[in-house]
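Okay, so subunit A shows up in both of these, paired with subunit B first and subunit C after.
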Partner chain A sequence: MSPREMVGRIGFYTLVALATAFFALPMLWLVSTPFDAQPGLALAIPDPTLGNFSELLDNRYALGSLLNSILLAVGTALLVVAFAATAAYSLSRVRIPGRDVLLYLLLLLSSIVTGTAAMVPIFLLMFELGLIDSRVGVVLVLSGGLLPAAIFILKDFMDSVPKSYEESARVFGASSFQILKDVVVPVIRPGLATISVWTIVNVWGNFLVPFILLRDADKQPAAVLMRTFYTEGGSPNLELISTFSLLFSVPVIVMYLFVNRKYGFRFYGGIKS
Partner chain B sequence: MAQKTELPPAEQPAPAAKPRSKPATDVAGLGRGRAAAFVAPAMALIAVFLVFPALWTIYIGITNYRLTGVQAREPEVVGVDNYVRALGDPTFHNSLFLTLIFVLFSAVIGQNLLGFSLARSLSTLRPVLRRVVESLVLLAWIIPSSIVAFLWLALLDRDAGTLNVLLQTSGFAWLIEYPLVSIIIFNIWRGTAFSMLLYSAALASVPPSQLETARLVGASRWQTLRDVVFPHIRGHVLTNTLLISLWTFNDFTPFLITAGGPNDRTEILPVYIYNTAISGGQMGYGAAVSLIMLLINLIIALFYIRLLRERK
Partner chain C sequence: MAQIDLVNLSKVYPGDVRAVDDLTLTIPDGEFFALLGPSGCGKTTLLRTIAGLEEATSGSVRIGDRDVTRLPPGKRELAMVFQDYALFPHMTVVDNISYPLKIKGLAKEDRLDRAVKAGDELSLDGLMERRPSELSGGQQQRVALARAIATHPQVFLFDEPLSNLDARLRLEARTFLKRLQRDLGVTTVFVTHDQAEALAMADRMAVMQSGRIRQVGTAREVFQHPVNTFVANFIGSTPMNLLDASVRGDALDVAGQRVDLPEDVRRHVTDGQEVVVGVRPEYLTVSSSAVDGGLQGVVAIVENLGTAALVTLEADDLSVAVTVPDGEEPPIGADAWVTPVPGRVLIYRREDGELVDAPVAAAVG
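Up next is the complex of A and B:
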């Protein structure tokens, strides 16, 4: 290796190291502080303890908010998977004029009408419907936003199922619902898993929609409740914030690892918005 | 709301036993009626919670709707007053300008360049090292926004933040001295993963034989990049730029770090809408600004669709 290449190599690795430090630095706090007997804002070698986790039980809302996050994520995932699967199946199998245009229009719409751009009408709509402070309301709003992309992706999966499978099933007298349940669903299981994980990750991290629609601390998911740990005057409760953050981030990390291992990290245009 | 009347509401059970007027012609034996019933619940939800809000924004935007007071019960149509007010309002100008700077520097320049550089340099790293760096970048992308917001508050804290400890600049308030720069760097950190993934896939499509030829004729790194790599990934660059711009433009996370402050210096459009409409109760005015935001989204999305068509 010539000296010039050598310098180039060193420079290259320095840059990679800097980039790595840039991405790692903010996150290290999340790993070390929950286990530190003297948690501070700055990174520190922890004085090991598990005592901080008892704060989770001391806060009246902490564990409940994680349960709320699960309710919202699972509720939305069930609704999105069920409605998107039936709709995608129907659109994949029955010729409806203008079907592809309709699908593209819906996809376009869902990327334009984001929670941010539509927070005013969505808030007013839920206000008029009496669905402020309703977890069902949040599930409905989030499902409406996620369905177009879910239908779009699932239709791709459905199109890849050979129609001969269903024809054989029909010959044996299966009803169309039975065909969907026993023939199509098992074949497109990877697609359904993808949509479920994608929905859950999206809802789990969503802050804005539950933030504007849920005022009652008993109903707020973790993403919204967390703010009350540090914005309401005084110094933040670091024992609580650090342990809560860790617990709150573990599910999405696990799901990411699961998807990565099982299917590879394939992603579609709007997988994260 | 034409869609709403055509479709049965989501709550009603789908009419399963519709009289079969025609024999089914599709493989699944669904028939028109059941096919429609299968699509209906999804379409009903989309119609009520996606299409209707978008259309309703147009109406709310021409009223003086407020959350409290007389206008809450009896909102009046005030025509284009809200738009006239927005065009003449320095706080709105400020917000638009901040949004432009934020999207330009954090997405178009920051995420694009860093994502591309990472994708290009990671391919030459050892697989173990590569996986470590990639995982870190991806983690920054998938951890819930409320958590990353606090992680950055801890990093940038005036008295005890990690950054001030490292630089030995205790007492320096980054979020007050450089609020916009802070959220720009935050957003680069947060969103680079997408560009990295997209460019990694794109770079894999550049034919190795052409890279080899470039090397043999003694092309410099920059020349190879410009004349061999770039022509192959031009479409990806445009796709990536449009998508990350759209997402950054609609990102509410900066609110969790600065809430628009200090003194509106980070009040990007999403935060501006929240502060005026939801927090300030001026629904009519907020809806007018929202419509402007929806139109900007539409323009970006239409560019994207045109791009997809051209590539086909």
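Up next is the complex of A and C:
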């Protein structure tokens, strides 16, 4: 290796190290700051304490908001999986003219539904329906936004289930529901797991929809509560923000690890038989 | 156990595609019956219509004394083994075999009992806790069969039962399936595109083309006495010689040579009629010296078939294939004379390809 190459190598790795550090620093901040008695915005060796956690527990909304997040996320996931699975199944099995166009159109529009652009009409719609300040309303809006993509992904899984599986079950006398329950759903289980986790993560991090549709502070999810952690002086309360951020991240990470180990994530169909 | 009756059965797909065309067929109780034909001939559609997976456009399907035409597949008391076996990948072998029984509402113990028994019959003991992905192709087939047997159906339907096995296993499975069917005595219909498979396994078969049956018969009937040139051409591992000829009095003119016309067909033909002479390579003998009434040709190709050789002679612009025993092949380029085994020559009408001594509408049983 010539000195020239050596210098090039060193330069390259230095660059990679800097880039890695740039992305790793916030993570390090997230895991170290909650245990620091004097948290700052800079990364520092913590002055170890658990005081931040007890301060957080004193906040009357903190734990409740995490529970709210779970309610919204699980509710939406159940709705999305149930509707996406049945819709994807029928779209995969029944020939409808223009089916693929319909799917792409749905996918295109879905990003608008929960997006900022449609927030005013959605607010008005929910207001007319009397679903303002209701968790059901939030779940419905979020489900509507996530369903098209979920249907799109699940249809691919459904397409990969050989027709002969279902026909075989039909010859044995199984009803459509039994076929779906006993044959199709178990075969596409990795797809269902992927969709559930993807939905939960989406809802967990969604700020705008619950922020606009929920009034009652007791109903607000964690993502919305985060906004309220300020000191009387108006500066960010870093003790609370950092501690709450950590608690906020842990459930999603745990769920991800659990589901990945149990089912494995896949965004495509296909049977490992 | 039951007889299957198909009466004027038709299956028409949108666009007026007649997959099964006004077909009438009776399969007696306990018979091992093959639906044979080239791809696209409607044999699989016919099987699926019997199963109830396709709805008949017209006509009726009867199993035993019941008209099942409008019944869903689950109510027809039949079991079907699919080409890919359709074993459920998320269930163990024992769960796969007992799943149909679960659908039928049997208690858990009875289910297991029957599944284990069916598994034992097909020597699957020891594999019962495995997943289908952990089994070989032959084992998977046996699981699919066990699953079908455990339901005690009136009728078995097999869709291309051997096509997913490798060549060696196919021969074993052939013998195995035939023995199994005989032991169980259940009326069985299977679909195949392989004429050797049908000849080897089936008690009787229907040779199909374009949604219609061209001939129904035993292996021997279909092989020795095909009623039209389609069946003649389709059956047999070496294709039948089908030579254009014309009738000249009491003889035939084949490639400008005078060849004997079999006596029993003389009254069915008229002088000057254009015919097709059909004779299997196995029913021709070859001689290196002139034979009266034989067809003379020049040896062009010799193909080795193992215990015999397939010799192709060229006479004028016709080729004639003859099988000769091992070691008796004539040298290439030599003159040779072929004569048919008496009673093995079939004469077809040129215009419609039917046997001259058959009634004008082909015999359909």
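Everything below uses one rule, namely that the second predicted complex is superposed on the first by the 246 of 273 C-alpha atoms of A that agree within 3 Å, B and C clash if a C-alpha of one lies under 4 Å from a C-alpha of the other, contacts with A are read in each partner's own complex, and residues count from 1 in each chain.
Simple rule for what comes next: a residue touches a chain if its C-beta (ideal position, glycine included) is under 8 Å from a C-beta of that chain, and two chains touch if they have at least 3 such contacts.
Bear in mind the structure is a predicted one, so any value in this text is a computation, not a measurement.
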{"item": "Partners on subunit A (subunit B, subunit C) - clash or fit", "value": "fit"}
{"item": "Which of subunit B and subunit C A:Gly64 touches, first, second, both or neither", "value": "neither"}
{"item": "Which of subunit B and subunit C A:Pro186 touches, first, second, both or neither", "value": "second"}
{"item": "Contacts of A:Arg170 with subunit B and subunit C, given as first, second, both or neither", "value": "both"}
{"item": "First, second, both or neither for A:Gln178, with subunit B first and subunit C second", "value": "second"}
{"item": "Subunit B versus subunit C as contact partner of A:Ile212, first or second or both or neither", "value": "first"}
{"item": "Per-residue touch tally on subunit A - higher for subunit B or for subunit C", "value": "B"}
{"item": "Partner chain(s) touched by A:Pro26 [first = subunit B, second = subunit C, both, neither]", "value": "first"}
{"item": "After superposition on chain A, the shortest CA separation from subunit B to subunit C (Å)", "value": "6"}
{"item": "Those residues of subunit A which subunit B touches in one complex and subunit C touches in the other", "value": "167, 170, 272-273"}
{"item": "Residues of subunit A touching subunit C in the complex", "value": "162, 164-165, 167-174, 178, 182-183, 186-187, 189, 271-273"}
{"item": "Partner subunit A, residues of subunit C touching it in the complex", "value": "51-53, 72-75, 78-80, 82-84, 86-90, 99-100, 103-104, 132-133, 151"}
{"item": "Touch list for subunit A against partner subunit B, complex", "value": "12, 15-16, 19-20, 22-27, 29-30, 40-43, 79, 82-84, 86-87, 89-91, 93-96, 104, 106, 108-125, 140-141, 143-145, 147-148, 151, 163, 166-167, 170, 176, 179-180, 201, 204-205, 207-208, 212, 222-224, 226-227, 230, 241, 245, 248-249, 252-253, 256, 265, 267, 269, 272-273"}
{"item": "Of all residues in subunit B, those that touch subunit A in their complex", "value": "26-30, 32, 34-36, 38-39, 41-43, 45-46, 48-54, 56-57, 60, 65, 114, 117-118, 121, 125, 129, 132-133, 136-148, 150-155, 157, 159-162, 164-165, 189, 194, 197, 243, 246-247, 250-253, 256, 270, 273-274, 277-278, 283, 286-287, 290, 293-294, 297-298, 301, 305"}
